[in-house]
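Residue numbering begins at 1 within each chain, and the chains themselves are lettered A, B, C, D, E and F in the order written.
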């Protein structure tokens, strides 16, 4: 039976840290579904369509990675995809706390799914999308943190703004 | 002299984690005042009246627990109640930081009051009201986390919404 | 019914941090038993008799504190004393981890006993017996950390050595 | 290609926390090698033969788990087994630090292997072999923490001692 | 060559914790520039002019401290000032995480600048501007946390409100 | 007045992480004294003479770094050198705790000296001498972690052993 895993997130925008985790997951499992969260509560910088497009471009060389949208309960979504695990990137302590909380809550609701924590390369330890957006807003060079076509999109966003 | 303690919080809504702490405090001290915070800055899901009602129902079998409302400075409120201590539930690291900060600040202002940290059962380690509200909003079953009559209230809230 | 609590430790030697916790516990409960651990695995600097004597001298002004020796399982000892809780001083993160671990293990074995965490004054946040011994060994002045008669005992120990 | 993973440790003795991690790993991957560390520096309570026997008994119902001994560098051993990942159980913060350190050091030496962190059930969050040995030495009941045949072995050890 | 350092922040308002860090930095380096952040995203309690005035009053006895305003990227600002380092006060774990993240991001963008962490006195370990504002709003006495002229300004703010 | 700082440690052996901290300190201050600790309690892998020689070789290109030996109380030693600060490398959380403890204890004894925390490059975040010794003992290649002449010394040590 094919081993399918879900890598959920907001990806606003996708970073090299996310890609490092996707690469590792794609090596370990048969299929990785990058599941972009539709979150009514927060206004993202990039629209859902833009975020999905940027991820698709970033993963186009992986044969076993697909990109999808989800809303509602992660655990229900994971079941609908026949996933055996949820992938989370672990960076630092603050992450760790939150991720544990989420993983345990998911488990309470559905014992049949496991959370797998993967550690991105240490050069991405302190990288996240919020910082990338903040740096881009201040016109800093973010090409060490996101792919070239994301840099361009960010530059555009903050030109218009 | 009767040993009175205060257990302050927002309780939006009360969870099994809170109840576990209340149970322990009720065993250790003569009287426990569950003090619900009137917080102008945040809009709670449940009104003050609803929150107080849910707590009253949840603690109706405890003979030495009462429910009250407070606003203003916790330390002044505690003194007005002749309390000897403030009870806090300790869950995980992030809690720990914040609780320490609050406890020390309270102490600076009033040396005569101590903060007592109680640890809820480990099955509630990662439980909090925010997560319960989020799960209920997504129509997840939260009956492992809150009493039956709170489940019903949450179901109602998110039906109307 | 009288509320008895146990404050266990090695107390090698007792510090102002320990005394701060004892003071708080004595205010909150009817009786505090300071229980000195007989630990076959470690060689303490002070003998059991010396440690007990130093604690007795340090707590002689408290009417509801007694000093005792224990070996074996803390939870069995606590029951034999009709204690309703175990007191632990919480200092910093590393403590927190270890104390949680111990508290949960104790609870697994005996649901009927609770661990109560008290926070010493922030000026004692980073104080422990190991550091006091190390500083005394290096002839540093430790009179900010331990009572005068403990300073004298330490000076003696490291003169003889 | 078959996905093989290594779960290394001292297992002195194996606990329900370890078994929970093994169960999860066995669901996620094609083969799990439980690799018992021959560590010259520490004297374990159980001999290597005893530890291997206890693990074998504990995993006898898993068709895709095998038990092996290793010494030397974990990364070399993993390669010799054609493993694609090393499995580590994540419990609490202190673990997290150490595990990160080890995972990064392994990666420096061999980029081709990933560390996968799995979280045992929260009821095992604070469980480890050291605590089990300590509790057994003090004649506490450890049957909530280790399988029945490990309880018996521990009872024997501490009768003889 | 003169050693110039930057101490950036929002200072809404300046506290004794900040002043303790400024004092230490002024002893270690030739010049300290306290750089107040113009942050479009947050509405501070005090205007930029008020914050700068309060800092200037607080540091008027230091001969090698100046106060300045900055917006944009911290690293660009530091370079324009010929600074060799950025000063950060380290308080507790949550700080530590965030500060590491910021320091590493700054380094990625400009290898030539170092972040220097100074630890304020332990009595300020849990002090920050947010707590001071909250306490002042509730009419608590904050004279242990901020200079007298800041107390007065806070009292004024919350009288008008 | 010349700004002198002390960088104390065991340096058993010196690593690239230490050198990264020394480099930063040498840029910030007029003179850096690398002070090697004579510790009667632990048996180091390298003798004091060997450790001093390796550090001297490693810092020979810095004009303002000197190497020295100390025993006794760090704070007394720092004063005897007219140092204005003690330098510590901050790596991860566990470090942080210990370093805070030490820094506060030093401050209690001598208010006139400050601890300055510098963060090594993130690629050295999880590097320490213990891990280097352990890897070398297992014949792993440690040339990413220590200078070439330290690699050779380590290879020799573990050949003889």
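By our rule, a contact is a pair of C-beta atoms (placed from the backbone, for glycine too) under 8 Å apart; a residue touches a chain by one contact, two chains touch by 3 or more.
All of these numbers come straight from a predicted model, not from anything done at the bench.
What chains touch subunit E and also subunit F?
A, C
Could you work out which chain's C-alpha centre is the most distant one from the centre of subunit D?
Checked the centroid distances; the maximum from subunit D is E.
If you take the mean of the Cα atoms for each chain, which one ends up farthest from subunit B?
Relative to subunit B, the chain whose C-alpha centre sits farthest away is F.
Residue numbers at the subunit B-subunit E interface: does the shared fraction exceed half, giving same, or fall under half, giving different?
Here the answer is different, because the shared fraction of interface numbers falls below one half.
How many angstrom lie between the CA centroids of subunit B and subunit D, rounded to a whole number?
Roughly 39 Å separates the two chain centres.
Would you mind pulling out the distance in Å between where the CA atoms of subunit C average out and where those of subunit D do?
Taking the mean C-alpha position of each chain, the two centres sit 34 Å apart.
Using the average of all C-alpha atoms in each chain as its centre, how far is it in Å between subunit B and subunit C?
The mean C-alpha positions of subunit B and subunit C differ by 30 Å.
Among the residues of subunit C, pick out those that touch two or more other chains and give their numbers.
Residues 93-94, 100, 104, 122, 125-126.
Write out all the pairs of touching chains, ordered by chain label.
Inter-chain contacts occur between A-B, A-D, A-E, A-F, B-C, B-D, B-E, C-D, C-E, C-F, D-F, E-F.
Given the complex with subunit D, which residues does subunit A contribute to the contact?
3, 24, 27-29, 84-85, 90, 93, 96, 100, 103-104, 107, 114-119, 121-122
Okay, in this complex, where on subunit C does subunit D touch?
Those residues of subunit C that touch subunit D are 72-73, 75, 93-94, 97, 100-101, 104-105, 108-109.
Could you list, by residue number, the parts of subunit E that touch subunit B in their complex?
92-94, 125-128, 131, 135, 138-141, 144-145
Can you check the complex and tell me which residues of subunit E touch subunit C?
Going through subunit E, the ones touching subunit C are 93, 122-123, 125-126.
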